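Below is the structure I would like to discuss, written out as structure tokens.
Labels run A, B, C and D following the written order; every chain starts at residue 1.
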Amino acid sequence: MTEVQQEREFTPRIVGFLCNWCTYAAADLAGSTKLEISPALTVIRVMCSSRVDHNLLLTTFFSGADGILIAGCHPGDCHYGKGNYYARRRYAVLKTVMEGLGLEPERLQLSWVSASEGNRYADVVNAFSKKIKALGPNPINRRRDF
Amino acid sequence: MSDPEKQGAGLEAADGIKSAVRDFLRKALENSAADAVLVPVRTPAEDSYAWILTNDPNLLEKASPAAPTMPVQGAKALKSLTRKGEGTARVIAVMRPCEIRAAMELFKLNQVHLDNITLISYDCVGAVPLQDYVGDPAGSEERFDSMLEARKTDAAAVKPVCRICVDFSLVDSDVHIGLMGLAGESALLVPNSEKGQALLDTMGIACEADVSGWMQAVSELKAEREGNRSEALSATGAGLQGLDGLSATFADCIGCHNCQSVCPICYCRQCYFDSEAARQDPAALLDTAIARGGMAFPGNKVMFHTGRMAHMSLSCVSCGQCTDACPVSIPVADIFSYMARLTQATFEYVAGRNDGEPLPLRQFKEDEVEKVHEIVKGAEEEEAAHE
Amino acid sequence: MKAKIGVYVCECGPNIGQTIDIPKVLESIPKLEGYEDIELVPKSFGLLCSPDGKEHLKKEITENGYTHLVIAACSPRDHDATFMNVCKEAGLNPYLYKIINIREHCGWIIHDKDAATDKAIQYIRSGISRVLYQSELFERQLEITPDVLVIGGGVAGIEAALSLACEDRKVYLAEKTGELGGKAARFSSLLPRQSQGADIIKQKIEAVEANENILVFLNTELESSIGFLGNFEVVLDCDGDEEKTDLKVGAIIVATGYRMSDPGGQSGYEYTDADEVYTSLEIERMNAGGGIALRSGDKPGSVALIHCVGRQEKGYCSRICCNYMMKIGGYFKGHSEATQVTEFFFDMCLPHKADQQFFDKSVGLGIDFKRVKTIGLSGTSVEFTEIGGEQQEMNFDMVVLASAMEPPEGTEALAALLEIDLDERGFFKEAHQTTDPVATSIDGIFVVGASQGPRDVSDSMLLAQAAAGRIRSQLIPGGKIVPEVKVSEILEAYCTGCRTCLEVCGYGAIYFDDQKGISVVNEAVCRGCGNCFGSCPSGALRTKHFTNRQLFREVTEALK
Amino acid sequence: MHHENVVVVGAGLAGMKASLLLAQAGKKVHLVETLPLIGGKTIKNEESFPNLECSTCLVAPIQQAVLQNADIETMTLSAVEKIEGDKGNFTVTVKKAARYVKVADCIGCGMCYEPCPVSVSNEWEENLGERKAIYVPCAGSLPNVPTVDPEHCLKLSGKEECNACVEACMFGAVNLEDEDETVEIEAGAVIVATGSGVFDVSALPNLGYGEFPGVYTPFEFERLFASNGPTLGELKIRETEKVPGKIAIIHCVGRKERGYCSGVCCMYSFKFAHFLKKKLPEASVYNLHSDICVMDKSYQKFFDGVNGTHSEMLYNSSMEELKVTGDGDGVKVTYLDEAGKENELDVDMVILAAAMVPEEGASGLAEVLGIDLDALGFFKVRGDDVVSVESSREGIFIAGTAEGPKDSQSSVIQAEAAVGKVLAFLDSCRPQTAEAAAADRQG
């Protein structure tokens, strides 16, 4: 199918790594409040945002994810004390690398969503998938040389 | 660097710098200020150099404290010597500043131990690319020696990263040998740590020489290099942009991973990207090929390089080994220097600056959102917008 | 053996039944590509979490002999535990099952039924794919010793020992100095109720000495400690004896108390040893001894009591000063009503419900309380600005300073030795300030009394009792502990011993094996957050049940 | 012989922590809560001081742990009616009010709210929002099972024959025939952790509460600010719908009347200042204070972080003289400054930092349990020497703010101390052998 068709029928494929204690809980809250949330996101539950390592993110990106969302407790709220601070630094490194290589760093986002913020969760996810939709598919999906 | 207290000792170099350093090392062994020295020695075939650990003055005769080329990064040699902890032997190691900076990173990563090691650095005029040297050893020797004696880098003769190196002089070594801006036949021994001072003391070398001239020359050259460096690195960056840039840059990559295996910083027992975990599932490969209308082999080429950038660029010291090792002449070192500057700036970190600065990913600041990276701030603002 | 996966979709009444096209989901499952050599058994049920549902599921698992189980229902936060138990009862290892949240994450949030159905199918696919890569995990039970080491023989330490010692629980009480009781033993009366301090402490010390289950070590300090909750090995260095004392304990309580900061150092407080200026502790000693008097031996006619000395410099309020300064004011008035007592304070800190009455009582005694904005001292003359007033100066026969409570020396060393954290003020840091105040980042090590922050005697005792509560419920004599199962492990072949994981671990769950030159996870301590995993470039770590392979499966399916 | 079971009255932070510890110790716990949900006052807050952690994130895991713990029987809408027997051998009679929804059958989908024709103001939301006659107090409340309020339910109040909720439920979980039941629990010990109330600010007419919409109680403000609250965290003054530009927080409300400092109001007032600045960066916030009580080691730092940057600190030298009067849409605060000079402050919103007082049911419960209250109406603890957790009756223990005003940390400390006493006490009732202990642990 042509690029044009692709663009027309494009629903982004976003992978979201959510921390079990805050953001996953917020996602549940959003669900039980029946908020409408973009189907673009696939939720993957991890115990802590600090569990998400560079290899996992790179593989996800190079496997063609249109967007990657890492979401956990607000700084200071980490169930394990300081995990999200480390996550933030690791994220900053990868983000810098992607920026440096012009790899559309917008496709990688870190957000803090606490357990009581069901509405914020919906906003963050919907805004992100809107952004990704505007950005179009991850070009890697059309490359034969990768 | 701009330490007014700093003093040095003159080092007689009438017969050339190499022999001056050799004499110094011999003296150190004689005064049993050290049990052995770790230095590069020209291979018997005279077409390369190898690191030698020796206490034999005769062998020392063949040593070349400042080798024209760098087949093995000194930090790697030091690692194989001390990775299991302190040896009992007190060893003096003479290395290029970039090798010492790599050693500092490996020290923080618990891959080298320095208690019994005395590090001696020297003003580096650069290293001859390995291929060039192997191609014409005699000529390279000549060119290098003249550079060294003139204390001046000949851009055409050295690695691209050396041309734009700003850490060519004093680093966190114990004793530094200053050359820049000094009249021929003379050099400076500059103690740079208690250990270094102790070494000179036991050897009965008093430090009264003024070092300001040398410092002046060094900082001038640094300033000049800084400009070129930024220019060169941004040029490299410009060529990398996007999948097209990356594809073009790494088109010839044969996936040999030499760049990783010679890298002093890549300390992993097995690179993650060589491990089973990183291998793609053959079925998945077919799926990808069908989905994308085709795919290149070996796969994950660019992911490998990107992954290394994420893993080690915070500690990269721009020594240029990776370029030397690349069989298809990809300017790996330029690329990683470019990335290293970006990632290290993110945490106001300078790889190998000293042995005390904690590794950025082992710590954090609670309120660093802005400082860490504006993009993190970006994310925060985005959320703020949602509130 | 050929894998046989039961895939159960819970209708959850209308919640999934009406928002997702379950028949479509069910018929899509056998058609999944890539699972030809696996037997997939798709089924649906009205409400799996109901008693019937659980029974049904149990029966199905046993009868059909599933090797794995996927349940598409609600959030794991609601019913993961429920279905894990069903698996256990049915004899299927609960870690070979996976719950898929198609209610909160599909049916309820994707309002277009077809889209929701497709998403549900995708989620279920990833569940099937993941569960195949999951491996059996087993709970372990660890033997424990119920005995406890208490470090510090002040009121908190004594209270902890008394609260814990019983016929099947020994308590080892290690005190640095030559006697038990700490500073409070010298107080004439205790807050908040002015009760006879010395007597109370004396009785408690006697109780300790009488208790055969409490072993007291005087002039003793902790030399080393390794281990974890239920199994610590500690070495005590008893001053004098040649050989050290080795003990095995299940928990450690730190009760090393406080010290009074030296007010001499404070800017704005100019006086010499010759001046009649004293700290509150000095007054306590005088009062407990020959009575409070000037160096001349005369009783002071006028006394200034200055609160909050060093509060700004320290950056915290010491909580108890207001109360004990009123207490000291009471001493003076008690000796002679004629004594003119003036208390200079910034804010009256009366956090306990009885404190206000105590304040009113003190006012009743004729103590003059002055609320000030600024204060300075030179010798025994006080220069101050009363709130809403002018700056003025008053001379006194005697001045008493309430200086801040601070951590005693040796605190840092002890923290390093036990690998527990200190807060920014140098006090021991709690595991969680509000929800876990006497525990530390290391399971089984507790901090009580003023070593955790400024406290009065009774609060110190309360903290000690709290630690006792924690220990009594965690370490039951003859009982066992069951550590977390989904922990991290380090693959020896990959680890290079860089110790990054060790530095980022918040629980001291990773140690370095010098022989092998690699880091090792202590599975009894690990909480399974995976931070170590995220920190390891070598991929030498594996977080059980959350391995990259397992997560990759989910990712791959998400991107199909 | 004695009973190993323990009754914990009150499912707030203290009660939940105590229950979990007791269950961990292998005791069977009966957790009695009068509300339809557990979690206590903490879950009304968006964030807790001093670390401004999301309260739900702090408490939700504790709530989940309690509800999923097989050794804890959570009894909501329940109250202790009678206690007989002696330490170690109590018989506690608990009245469970009808919930009209079968907890076992309900899966918390909320399909039943919509059709309910009744709409009344939601007391859990401090009456800032509405609820149906069948409802859960707020989004995310646990257990996530609705309850029917018989007073307003058309059918139960006999107003008319309405079965909307019954029909809406696909699980037959709603049962309007449900009846109150009374159960007897054999218990070895009882822990009272019923928490506290808030000083009724309408008792001080000079503060204008109820008269001017801009005047708020602390919990009203907490719910107004909460992102899971009735306004989803949108800060708008009731009735006027105005976004406040100037806010005055008045400290020590009720301190004099009650005769004590509650020890927490300063901190939550500073927290409010932080909240306000976070959401309304342009707003001006004033704290009218007298004594600043920041007794915990970390509180001064929190205060210093707010002082000046987030709020102007104004010394109020007399609560008696302070007046809140109407002024068009806004309110005027008249107070005496440090020099005793009269000052006026025109603001849009006033938050009254009201004292912590005994929970309204306290005296009744004290009577039922046969334990003493202190002069202030809080539960009295024994021992003239030091603060303890033992009530005046052996085998009954007190924890949390039921004993007196305190912050969450101190509540948890008391809860853990109470557990220590209970376990020691139960052990002392029967000297425990290792085997017995192990057996206990198996339950």
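Definition applied: a residue touches a chain if its C-beta (ideal position, glycine included) is under 8 Å from a C-beta of that chain, and two chains touch if they have at least 3 such contacts.
Quick caveat: nothing in here was measured; it's all calculated off a predicted structure.
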item	value
Most widely separated chain from subunit B, with each centre as the mean of CA atoms	D
Centre-most chain, if every chain is reduced to its averaged C-alpha atoms	C
B-C or A-C, whichever has more C-beta pairs in contact	A-C
Whole-Å separation of chain centres (CA-atom averages), subunit B against subunit C	45
Centroid distance [mean C-alpha coordinates] between subunit C and subunit A, Å	33
Subunit A-subunit D separation of Cα centroids, rounded to whole Å	36
Subunit A: positions in contact with at least two other chains	25, 32, 34, 54-55, 59, 76, 79, 82, 86, 90, 120
In subunit C, residues with contacts to at least two other chains	77, 504, 535, 537, 539, 548, 556
In subunit B, residues with contacts to at least two other chains	272, 277-278, 311, 361, 387
Interfacial residue positions of subunit C with respect to subunit A in the complex	75-78, 101, 103-106, 108-111, 115-116, 118-119, 122-123, 126, 441, 486, 504, 506, 527-531, 533-537, 539, 543, 546, 548, 551-552, 554-556, 558-559
Residue ranges of subunit D in contact with subunit A within the complex	46, 51-58, 60-61, 108-110, 139-140, 144, 226-228, 232
Subunit B partner contacts - residues on subunit A that touch it in the complex	54-55, 58-59, 62, 75-76, 82, 85-86, 88-97, 99-103, 105, 109-113, 120, 123-124, 127, 139-146
Subunit C contact footprint on subunit B (complex, rising order)	83-85, 109-111, 267-272, 275, 277-278, 283-284, 287, 311-312, 359, 361-362
Subunit A partner contacts - residues on subunit B that touch it in the complex	237, 240-243, 245-247, 251, 272, 277-278, 291-296, 299-303, 306-307, 309-311, 313-314, 338-339, 342-343, 346-347, 360-361, 364, 366, 368-369, 372-373, 375-376, 379-380, 382-383, 385-387
